[in-house]
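Shared chain: chain A. Partners: chain B in the first complex, chain C in the second.
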Partner chain A sequence: MISTSLQTYAETLRFPPTLVPAVPQWENFVRAMSAGPFMTYARNSVIITLSILVIQLLVMIPAAYAFAKYRFRGKTVMFSMILLAFMIPGQVTFIPVYLMMADWGVIKTLIPQIIPFMSNAFGIFLLRQYFMQTPEEIIEAARLDNASEFQIIWRIMTPMALPALATVVLFSFVSHWNDYFWPLVMTDSTGVRPLPVGISMLKETEGISNWHIIMAANVVLVIPILLVYTFCSKYIVRAFVYSGIK
Partner chain B sequence: MSRNRLWGKLRPYVMIGPAMAGIILFVIYPVLYLIYLSFFKYNLLNKAKSKFIGLDNYSQIFSRADFYKTLWNTCLYTVGVVVLTMVLSLLVAVWLSNSTKFNSLIQVGIFTPHIISIVSISLVWLWMMDPNVGYLNYILKSLGLPPSQWLQSSKTALGSIILVSVWHSIGYYALIMVAAIKGISKDIFEAADIDGASKLRVLLRITIPMISPQLFFILIIMTIGSFKVFDTVRIMTGGGPNKATETLVYYIYEFRTTNIGYASATGVVLMAAIAVLTVVYFRMLSKKVHYS
Partner chain C sequence: MKKKLSGMMMAAVMLTGVMAGCSNGSGTDSASGSPAPAASANTGGDAGKGGKVTIQFWHSIGGKTGEYLQAMLDRFNKSHPNIEVVGTFQGSYDETATKLQQSLAAKTAPDVSMLERAYVQQFAEADVLEDMTSYMKKSNLSADDFVPGLMGHSTFNKKLVSLPLNRSTPIFYINKDLLDEKGLAVPNTWEELKKVANALVVKEGNEYKRYGMTLVHDSWYPIAFITQAGGKFFNDKGTSLGFIDSGEGKKVFSFLKDMQSTGALYYPPSQNSGNVAIQMFTEGKVGMMFQSTGVMGSLGSNVKFKMVTAFLPKDKVNAEPTGGANIVMTSDSKNKQAAWEFVNWIMTDPEGGLQFVLDSGYLPFTKKMVETQQIKDLWAKEPNRKVAYDQLQYAVDTNKSTVWPEVMKEFHSIMQAIMYDNKDIDASLQSFKKEAERILSSK
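Then we have the complex of A and B:
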């Protein structure tokens, strides 16, 4: 069954249920790509996913460090807000966020698909745990060597937290690349849609019987994930399981 | 010196600032705004014409048959997915935890569906469940069984969606359970072995109680996750046929443009439902869960 999900893309190129296509129909890919603004969808997907990753890392690392190593007023309140945010689903808040974005006049851009994810509550939580485990002596030693806090964070703490960071990055990449709900409710024009929404729209425009085209498009959606997965399958499995056990 | 001290006091806030701004702006504030909206008959074209109607949206929700239908579907879906996934992934996990090379290969494979976009998965299954050209009916026919209408009939549609969701998540939960089972001390199993306990007895009396904290965690995560089901419904059935697969989030989604106040009120109800579920779970189960 599992392997079916990988094989089907090739198999779907044939109409009656035959397991292996007699002649691979490569031109389906070409047709899929020209069936809609396919390249636009792909470009949007890449821009959105990468921007989210970069912004999240920049926002998350200092925040997690401050939560782990500094004492200041309001820390507990702020941290519980982060945990609360972790539990509130986007399926509940999408209407007010959409109205806000409409007020700001950015609905026709990629911004509504990027900015709401700037704070990764799960990532801050995980990274904070990790930072808390690193010994105080290392930081003290660096301070004696006149390293600025900025240097300590980016030169010492971040490299040491690479396993936790990788977990967060993989998790974030997979979920935003695959995300369907949020882009669906935040977009109303093809120009800003990412692949998952674009492909599901393809089903509507191409008609239900053109399975081979839809599946060809589908392959393009799945390939980046599978590539990442094959290169770091052990790591990705560990990341997901780790996030599940916690 | 004093400048340095001031900076030392401000620094944590500067570092946390962006993260907090994101959380407040895109989570906390929207929740409050959602509750505010739920008291209005909102006019999307002309905000000034929006009318405060108090609790009318809420009384409307609880007097509408389609809401109850949606709620019922969501509950059925949740129970179906949670029970099936729990049982099946536990069995898979027990089987996988006897580690051999073959099993580690399976582990990698079984996890794959979880990281593939639900859009792809839904589309592939949609195609497989096609009553005329799909694989599933082809298989049923070659086994001499009657073909099914799958998603096309209101009797089987919800079940078909449950099937897809279970397939999507078994691998993930099985792996969490495998990790938990591997954490159990080997001595206990050996002792049971010496006592001549049957495999079923070991499963019921040792494995399940020992990993109950993880099972409990999975139960909560999965119930909340299932309660928010949307993607598969939107892609595979669009809530049909005859509203047989319409779930809460899909319901909210449908009202998002036509009646924002009503959709918001339903959103508040969904949020409350999720909160209640979590609390109930903790109350009911935390006593029975074994913590070693």
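Then we have the complex of A and C:
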């Protein structure tokens, strides 16, 4: 991908493909950036993914804690519903959601790309398993020290669950950052679209696409993912180290 | 999996679309019936301040061609102070069709949209497309003003529901240098095609250094071969596949397999096959290629040999399917007069469709366009593009059906079975026929 992003057009058509570009074409990146409202796409992508992440964390952690440590009526039923939600692919729900959003009149905003992802079934499931492993004694001790439930969740449980959280954050970020289908279906105007949809516009419908320009745009798309991955992987690796000590 | 699911969803939305279409019947008639004064046409939702109307136009054109399309919209907006057309890219042809279905159901549909020609029937049947006949009459435009070969998908139940826009056909590209080297003439018939393609093959040991010809993995090309052999894709009643019982199916696929076995035909992988074919051709690894007219411009500037185009070789007759997209008006639109003004401008104004055709390399679609000096000059300079237009006299659309998109998916899978997995031709065609009959009877 990086190689293609630095080639000339003629070079991308060579068969078999060349691995190292003859002369690196840095202006491909400039051309990709200037091919559309690229900064708008990037801004939308950042707003959408970060909002989803923050809202998900706020919803997910207390929910997972409740499922792991509380006893209440209908817990099993509710939890199986969450598992069910986890198994239904987005393609099944997009029409009812679209109709609902159209009803609310928010199709031309960023909302349809954020609201449906407020909770994360996979995250709740993963965190619940993690919370269930934490010994009851720690929570008991905190309660003796007059800690509120809120403090227990944010000061004790969350820091201990960092490795699991890192995993969830990574998955959530990558899937929403790269999502093409949902934003395409949910939006009608260029101004509210994220990067993947913007990049797909660089491709010709019929005829020959300028692969070098498309790849340059894709390189830009992938960089944030690599950054988040390196950041998260530190915590994931640390988790293994800790469990080794135990 | 994803494909199948979205297919199912499309069917579901279509149903809602049909219902929405019915309940709306009376409302649409009043809008298109009497010659409404311009003011009343603008009373709809989008009419902004100062009487400026905003028209939503959805399209599927990205890349360089997308820029040409946007330039066309800009020209329209500049010359029409009271109308603004907002063009929005909605993904590939298939994705645009899906989006259109869901938005029609949700009442968020655009006023004007680009629609891949094979989807027109499906939408027309759901009664969600505006009949343009009365508008055309008022603007002194008639179906006879258009190039006949491109009108195959425009009329449904005597209603004219779409007009051609960015249209293409498959055409025959030839590396003339390679043919000249061997003293070969451009083939006109299947027999000649086979001979020339075989003569171009270069084999070293067990490896082919050069193939005779290639084509893209797409239903387009088998349909071309079937009609050239005198067959029809669907039977006349539209209840079954015509070309299987009458033998053309067997003939076509035997011909292709035979070519493939000697290296005369390089059948590209199903993924990205259009680009692979182009790569092989520009590199001189194949001598001839069947491809869309849409790639002519970019090929011409990239090949280092003398490239000529020709009609697709004939068997019993000359024949070729057409492709690309049409333009439609939705019957839910609240700004139909303005929408028609936009469509009419594309069809008739020299700054509209004509300029887009000149820029992009798509086929000219009105007779007036063909007669213009600009097109004549273009053809004098690039005779290859004239060949594409001349070939339109043999255009056939035998795959007209409301369920074509579904049947096409089945067709693709038997093409794969035969071309890649060497499955038995007869058995594959029979199972395709059974499946197609099931789809056709359930519509």
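Everything that follows uses one rule, which is that the second predicted complex is superposed on the first by the 202 of 246 C-alpha atoms of A that agree within 3 Å, B and C clash if a C-alpha of one lies under 4 Å from a C-alpha of the other, contacts with A are read in each partner's own complex, and residues count from 1 in each chain.
Just so it is clear, contacts are C-beta pairs under 8 Å (C-beta built on N, C-alpha and C of every residue); 3 or more make two chains touch, one makes a residue touch a chain.
Since the structure is predicted, the reported quantities are computational estimates derived from the model, not experimental observations.
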Which of chain B and chain C A:107 touches, first, second, both or neither: second
Which of chain B and chain C A:201 touches, first, second, both or neither: second
Touching partner for A:126 - first (chain B), second (chain C), both, neither: neither
Which of chain B and chain C A:190 touches, first, second, both or neither: second
Which of chain B and chain C A:118 touches, first, second, both or neither: first
Chain B versus chain C as contact partner of A:82, first or second or both or neither: first
Of chain B and chain C, the chain that contacts the larger number of chain A residues: B
Partner chain in contact with A:92 - chain B first, chain C second, else both or neither: both
Chain B versus chain C as contact partner of A:157, first or second or both or neither: neither
Residues of chain A that lie at the interface with chain B and also at the interface with chain C: 9, 15, 89, 91-92, 94-95, 98-99, 184-185, 197, 200, 203, 211
Chain A contact footprint on chain B (complex, rising order): 9, 11-13, 15-16, 18-24, 26-31, 33-34, 37, 107-121, 123-124, 126-128, 130, 133-135, 138, 167, 171-173, 175-176, 179-180, 214, 217-218, 221, 224, 228, 230-231, 234-235, 249, 252-253, 256, 260, 263-264, 267-268, 270-271, 274, 278
Touching residues on chain C, where the partner in the complex is chain A: 2, 5-6, 9, 12-13, 56, 60-66, 86, 88-93, 95, 98-99, 102-103, 105-108, 110, 168, 275-276, 278-280, 282-283, 285, 292, 294-295, 297-299, 302, 323-324, 361
Residues of chain A touching chain B in the complex: 1-6, 8-9, 12, 15-17, 58-60, 62-63, 65-67, 70, 72, 75, 78, 81-82, 84-85, 87-89, 91-100, 115-119, 121, 124, 149, 174, 177-178, 180-181, 184-185, 196-197, 199-200, 203, 211, 214-215, 218, 221-222, 225-226, 229, 233-234, 236-237, 240-241, 244-246
List of chain A residues in touch with chain C within their complex: 9-10, 13-15, 89, 91-92, 94-95, 98-99, 102-103, 107, 184-185, 188-190, 197, 200-211
